[in-house]
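Each of the two complexes below includes subunit A, the first together with subunit B, the second together with subunit C.
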Partner chain A sequence: MPTSPSDPSSQEPSVPGPVVPGPAGLGRALPGSADCGPAVPDLAVVGAGPAGLAAAVTAARLGLRVALLDAGERPGGQFYRRPAPGLGAVRPESLHHGWAAFAAREAALRTHESAGRITYFPAHHVWTVVPDGGRWTLHAVAGPEERSVSVGARAVLLATGAYERQLPFPGWTLPGVVGAGGAQAMLKGGLVLPGKRVVVAGSGPLLLAVAGSLAAAGAAVPAVVEAASYTAYAGRLPDLLRNPGKLAEGATYGGALLRHGVRLLTRHAVTEAHGRDRVEAVTVARLGGDWRPLPGTGRRIPCDALAVGHGLVPQLELATALGCATRSGEDGTVALELDAGQRTSVPGIWSAGETGGIGGAQLALAEGELAAFSVAGRPAPAALVRRRSRLRAFAGAMAAAHRPGEGWTGWLREDTDVCRCEEVPAGRILEATRDLGARDARTVKLLTRAGMGWCQGRMCGPAVAALAGETSSAAGAAPDRRPLSCPVPLRHLAELPQHTD
Partner chain B sequence: MPKRSSLDAVIVGAGVVGAACAYYATRAGLRVAVIDRGSVAGGTTGAGEGNLLVSDKEAGPELDLALLSAGLWRELAAALPHEIEYEDKGGLVVAPDEASLEALRSFAKGQRAAGVTAVEAGAGDLRELEPHLAPGLAGGFHYPQDAQVQPAQAAARLLAASAAEGALVHLGEEVTGLVVERGTVRGVRTRTRELLAPAVVNAAGTWGGRIAELAGTTLPVLPRRGFVLVTEPLPRVVRHKVYAADYIADVASGSAALQSSAVVEGTPSGPVLIGATRERVGFDRSLSVAALRRLASQAAALFPVLADVRVLRTYHGFRPYLPDHLPAIGPDPRVPGLLHACGHEGAGIGLAPATGVLIAAALSGAEPPLDPAPFKPDRPFGREPGPQGQQP
Partner chain C sequence: MSRPTGDRSPRDLVGGAPRERYALRFDGRELTAESGQSIAAVLWSAGILAWRTTRDGGAPRGAFCGIGSCYDCLVTVNGRPNQRACLVPARAGDTVTTQEGTGRADLAV
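Presenting the complex of A and B:
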C-alpha cells in the first residue's frame, strides 16, 4: 500500500535526540536505572516493516532500550522491499512511493544501533511470545542455519503486518499465476517481471500500484480487473476528502495507467486461467453486486502471466496465541482490537500497522510512532493522533469497498483446488459442510486437511472460511490460531530452558 | 410439533461419543436426534489423536470397555467409509531400564488375564519393530490390538451413517435448558424450540457437567488440557504407536502437575504426531512452552531422528475427566429420563463404540454386553483439588 511522498509529518527527525521517558507507560524500571547485568530491553518490536521500524526508532528516540526482531534480512518489510545488494540496483527508490520516509528511519535505526539503543535482529522469525515472570520472552528461529534464540523484554509491540488474500479460481495453480503482492515483490526485490504480458486482477488499491510498476518496468498490462466498483467509495466521501494525499496518489496511479494504455475493468473478475504448461489466457467475466459472475459475460484475454490478489489479511498468530482480543474488519478480515494508544487487550502487548486492520504504509508509520509514545508513557503529538484517525477512516472506507462479495464462490468448480498444499478441491470442502456436519473452517480442516500443509492455511484460509459459511455469520470470521507462527525445529523445543512457563 | 411421539431420545453432543450413541441407537431401531451447539467433532474429538488403545489401561472395567470397543471398531472399519483411516498398527510400549520393564511385565500380566494380547519385545526385537528407536532401551511390549482412526472423520461418518438411517442432526443449535416435568426429563430446549423425547443422553464431553446442571443434578466433569505436536510430513519413520512406560502411570495419576510422556506415531498423510501432555489448568487456551519442551525432548529421546525435523503446528484440547478416571455411562437414577455418556478423558475415541452400545441397550431395554455398574453416573466421587476452570 502506497505512501504519499509529499507528507512532511511522516518524516523521522534527522537528529534523533534522546528524551527522558515519562512516568506512565511501562510503569517499571526506567532504562539505565538500577537493573544489574545486561539490561533487559524495555521494548521488543516484532517486525521491521513500516510500523515496526517507525516504532523502534521513535521508542529509541524517547529513551527506551529496544530490541527489533524481523524475519527479513533487511529492514523494510514487505512494503519497502529492495533488490538484494548483489543485483546492483542503482536506484531502488524508483519503484517506491514514500522512499524518503523509509530512508530516514533506516538511517535512524543505524544511528540508534551504533549508540546501543536498538539491538537489531534480522532474519529472526519469532515463533511465540510467552509471559515470563513479569516480562516477556520471545522465542525465535534465526538465520538459514535455524539457530534457537530467546529475547526478553518488558513490553512487546507486534508489527507483524499482513499477507495477501487469495481467492481460488479454476487454473490458479498454473505456473505464471502469481500473487499481486508477489509480483510487486519480485519487481522490488529481484527486478524480475512475472511475464511480458501481465493481466492484473483481484481487488484492492494494490492492483493499481502493481499495474503501474509492471507497466513502468516494461511489461504490457492488457487489463486491470477489479472486482469491486470504485463507486463503492462514494458512500464514504467525507473520509476520502479528508485524505487529499491519498486521492492524489490514486490520481497518480490512474494517470500512469492511462499513459501506458492500461484498461481498468471494475466489477469484473478473472474466473479462469487457461493454459497447459503455464498460463496462456484468462477468462474475464462481469460480476453482479455480490461478486457472482454473470453468465454469458466471459471473454478471453491472452497473456503469459496473471498477478492476482484480493487485498491483505492481518498476520495475527502471535497476538491470538497471547489471547489478544480481535474484531471483524470492514474488509471481512479479522484484526486486533486496539485502543487509542495502540494497546491490545493484553497488558504489556502493543500492536501497530496492518494487524489493527489493513490501512497501508503511511498509517503503519503513524501507528508505529503512536505506539512508541504510548509504550514510553508520553503524550503523543496531537498532529500525529489526528493523522492516524484520518488515515484509519480512509482505510475503513477502502476496506468496505473491497470486501469480497459472497458470490465469488460462483466461479469455483468442484474440481478447483482450494488448498494447494494438500490438494483439496472445492468439492471435498462442500461435501464436508453439506454432508458431514462442518459448520466452520476448523472442522472443514479436520475433515479435509485443507489448511494443514506447509503454509498452514495462510493461502486457503479465507476461501475455506467463506466456503464453510463463516464470513457470513453474524459473529464474523474466527481469528486464525497458529500457536507456532512458523515451522520450528523439534530440537529448539526440546532445548528450551527448564524455567520457561 | 409431532416430536413428542416421534423421538425416542435426544443426544446432546456431536462428538465421537454422541455420534456412536446415535449410530447404535439407530441400529437398535430407535429414533434419535443429535444436537450440538457447534460442528461435528467441535470439542475434544477434533483435538484428539484418534488413539484406540488397550495397552495403557490396567485390568479393570475401563479395559473391559476398551476391549469391547476394539472389536466394535474393527466392525466399524468395514462398515464405514475408508476416510475414517482405521489402522490396526499396534502399540509399542518401551521401557528405558530394567526396573520399568519389570513394572511393564506385571502390568501386562493383568492385562493378559483380561484378554489383551501383549508380547514382550527384547532390546533386539525393538529395533526390528521400530528401526529408528533410540539405542539402549531395556525392552518393551508389543500390543497388536492398539489401533488408530482419524477422529473427526470417525465422528462425522458415524453421524452421517445414523442420519442415513433416519437420525435427525441439528448442528449449530445450543441446548439452553432441559424440559423437566415432575422431576423427569422430557426433552431439551434451545433458543427457538423444544425437542421432546422420553430420554436425553448427555454426550457433551468436557461440557457434560453443565448439561447435568441444567437437569438439576451434578456430574463433576473437569477439563484436563493436552498438547499435541505435529511435524512436517515425513516418510514412514514411526510404524506403531510408541510411548514410554511412564505414560501408563500418568493416565492413572491424580496429580494436577504437568505430566507427560510422548506418544509418537506416524499418520497416513505423513506428519508425525507427538502427544500428549496432561495438565489440569481449567480451560486455559494459552500456549504452554513447558509442555512443548517435554513433548519434544521425550520424542527426540525415543526417536533421535526427529530432533532435526520441523514442528509445523501444535494444538491442544481439553479431555473431559471424572475424579476416578472412569466415564459416566448409563441412566442417572437421580433424574429419570437423563442418561450420561461422558467423562472419557483421553480415551473417548477408543471407548465411543462400547459407550454407544451400552447407551443403546439402556434406551431399548436390551441386555448390555458388559456390566455397566462401574460407570454408574451417581457413584460417589471423592473431592479432589485442582482448578475448575471457567466453562467457555
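Presenting the complex of A and C:
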C-alpha cells in the first residue's frame, strides 16, 4: 500500500473538536443515553486493527470519549502485526506496506490515551455485547490469566476484522501446511519461517503479499499457485482504473516476486500435500473454469512447507449475536449490511472494515474514520466518502474474481479430513448430505460433529457450507452463529447478572 | 524457480537484536528463545512443526492459522494443557511438552 503526504489515509484528518454529537449519530441512536453517568464512554470500539484504530482516534479527535478493546497485545490487528518489543526489531516497517498510515494513528492513540480521551484495553477479547438499559455492556476475557472484564458504552463499533478462508485438500493437516495469513503472521510477529522452500497457494491478493514477504525473508518460493485467473479482473476495468494506488500496490507485489524469481501459476491449485510426519511435496494441477482439477495435469513440486489460503472471511460473531443484518458478498462470504454511515441494522451498533465485506487495510482505515464521523453525528468529509466508495468498488472486483468455483470439491477424497478439530472426513459429510438429507452446515454439524471442535467451524465452515450446497443456493450461505466469540471460562458465565427478559 | 537464498533471514529484514535470549525445554530438548517470541515461533525456528497429536487419529499437528483462531497449535506449557502456542509468549525456563489428545490423560477414568 503506497502512501504519500497527499494520501489521505496516511494522516489523521484534522478536525476541530470537541463537538457535541449531532442528531444523526449517537444522540438519535440511543435516546436513553442521557441517563448515563459521566464515566461511561460514548463509544466502545472492538478491535484495534486498521478500522478500529482509525475509528478510535478519529472519534476521540471529534470529542467522543472512547474505549478501545482489542484481543492483541499491541494495536495494528493482523495487517499491522509486528514483532514484540522484546525482539528489538529496528525496521518493523520493512515487513509492511503502508506503515506510515499506521504509525500516524498509533501516535494519535498514545496522545489521546494520555489525555484521557481513549481508554485502551489491549489483550481484551470481547466475547459478547449485550444491551443494558439504553446502553451496551461488553464482556471480555482479559490477559493470559483470563480475567473477566466488563465495559459499558453508549455506542459500539465492531471492527473485528476477518480470518482466513480455508478449503481442505488431501494432506492439508500435515505439519508444514500452514495458512498463508498464518505464515505471514508468524513472520511479522515472531520473525520465523515454516520452512526453507515454501509453496504459496490458494486464491486472492494476499498470496502475492505473503509470497513477497517470505521470499524477502529468505525462503525459496518455488511457485505461487492461484486458483483464479487474473483475467477475471478484466470485466471490472472501470473499478480497477479508479484505483491507481491499488494497481500500484499489485505492481509492487508483482515486482517483488519477479525480483525473487517466483513463478505465478494462475488457474492452478495444490490438490494434495505429501509427506509422513510433515509436508515433503505438493501436487499442483490445472483447473477448469469452475476450479475443477483437470485430470492428468498434476505435477509434483518438492517443498518443506505450504502456505495456503483462499481469501478472508468476515469475523461476525459479535454482530450476528446482536441480530445485525447480513448479506452475501461477491466472494461467497457473509458480510454485514451497513448503511452509508457504517451503521448496522441494530441502532447503536456501527461496524467498519472487513466485517462489511473483505476490502483490505486502506478501505478499513477509510471506513473506520467514516464510522467515527457518523457516531459523532458529524458530516463526513466528501473526499473520505469518495475514497471509501472507490475502494469498495475495487474490493467488489477482487471478491468476484477470487470467489471459489464450485468444482474445488473435485480435489477432495473420501478420507480427506474436512473438519480439522473433530477429524471428520469428506466421506462422512457427503454421507450426511447425500444419504441423510443435510442441506446446511448446521445440520451437517449435528450429524457428523464437523464444526463442533475448538475452532467452532472457523476452519471448516466455508467448506462444509459448500459441501452441503449452501453456497450455491439462491439464499447464499447462512452466517455462522457462535454465541461466544472465544472460549470463556465457565466461572465468567456464572458471574453474569441474570436477565429476565 | 526461486534462487537459493540462504543469505537472507527475517532478522536481516528488520534489523536489531533481541533484548535477551534464553533457554526453554521442549520434550526434554533445550531450545533457544528470543524474548518476545511465541512458543510456536521458538519451535518453528528450531525446525519443529508438530507438538500435538489428535484425539482420534493420533496425527501430528502444529501451528496452522498463526493468529489464535484454529486451535491446532494446542500444547502443554509448564503442565497446563491446551495453550495456544501461537499466542503464548515463551518465557525463560518454560517446559513445553507435546500434547497428546486432550492433554488430560490425568483425568482419564
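What we mean here is this: the second predicted complex is superposed on the first by the 465 of 501 C-alpha atoms of A that agree within 3 Å, B and C clash if a C-alpha of one lies under 4 Å from a C-alpha of the other, contacts with A are read in each partner's own complex, and residues count from 1 in each chain.
Rule of thumb we're sticking to: contacts are C-beta pairs under 8 Å (C-beta built on N, C-alpha and C of every residue); 3 or more make two chains touch, one makes a residue touch a chain.
None of these values were measured; they are calculated from a predicted model.
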With the two complexes overlaid on their shared chain, look at subunit A and say whether subunit B and subunit C clash or fit. fit
I want to verify the contact counts: of subunit B and subunit C, which reaches more residues of subunit A? C
Centroid geometry (CA): angle subunit B/subunit A/subunit C, rounded to a multiple of 10 degrees: 90
Once the shared chain is lined up, is A:His268 touching subunit B (first), subunit C (second), both, or neither of them? neither
By the touch definition at the top of the document, which applies to A:Leu493: first (subunit B), second (subunit C), both, or neither? first
First, second, both or neither for A:Asp440, with subunit B first and subunit C second: first
Figure out whether A:Arg154 sits in contact with subunit B (first) or subunit C (second), or with both, or with neither. neither
A:Arg390 in the overlay: touching subunit B, subunit C, both, or neither? Say first, second, both or neither. neither
Of the partners subunit B and subunit C, which touch A:Arg278 in the superposed model: first, second, both, neither? second
May I ask you to decide whether A:His124 touches subunit B, subunit C, both, or neither, giving the answer as first, second, both or neither? neither
Looking at the overlay, what does A:Trp454 touch: subunit B (first), subunit C (second), both, or neither? both
In Å, how small is the closest CA gap from subunit B to subunit C once the two complexes are overlaid? 6
The intersection of the subunit A residues contacting subunit B with those contacting subunit C is 422, 454
Can you list the residues on subunit A that touch subunit C in the complex? 71, 78, 83-92, 94-95, 144, 163-164, 173, 175-179, 181-187, 189-196, 215-222, 260-263, 277-278, 305, 420-423, 453-455, 458-459
Touching residues on subunit B, where the partner in the complex is subunit A: 14, 38-42, 46, 152-153, 156-157, 159-160, 169, 171-172, 229, 231-232, 269, 271, 285-293, 295-297, 299-300, 306-316
Within the complex, which stretch of subunit C touches subunit A? 1-20, 34-38, 40-41, 44-45, 49-50, 54-57, 59-72, 74, 86, 88-89
Within the complex, subunit B is touched by subunit A residues 128, 130, 139, 321-323, 422, 432, 435-440, 442-443, 446-447, 449, 452, 454, 456, 482-484, 487-496, 498, 500-501
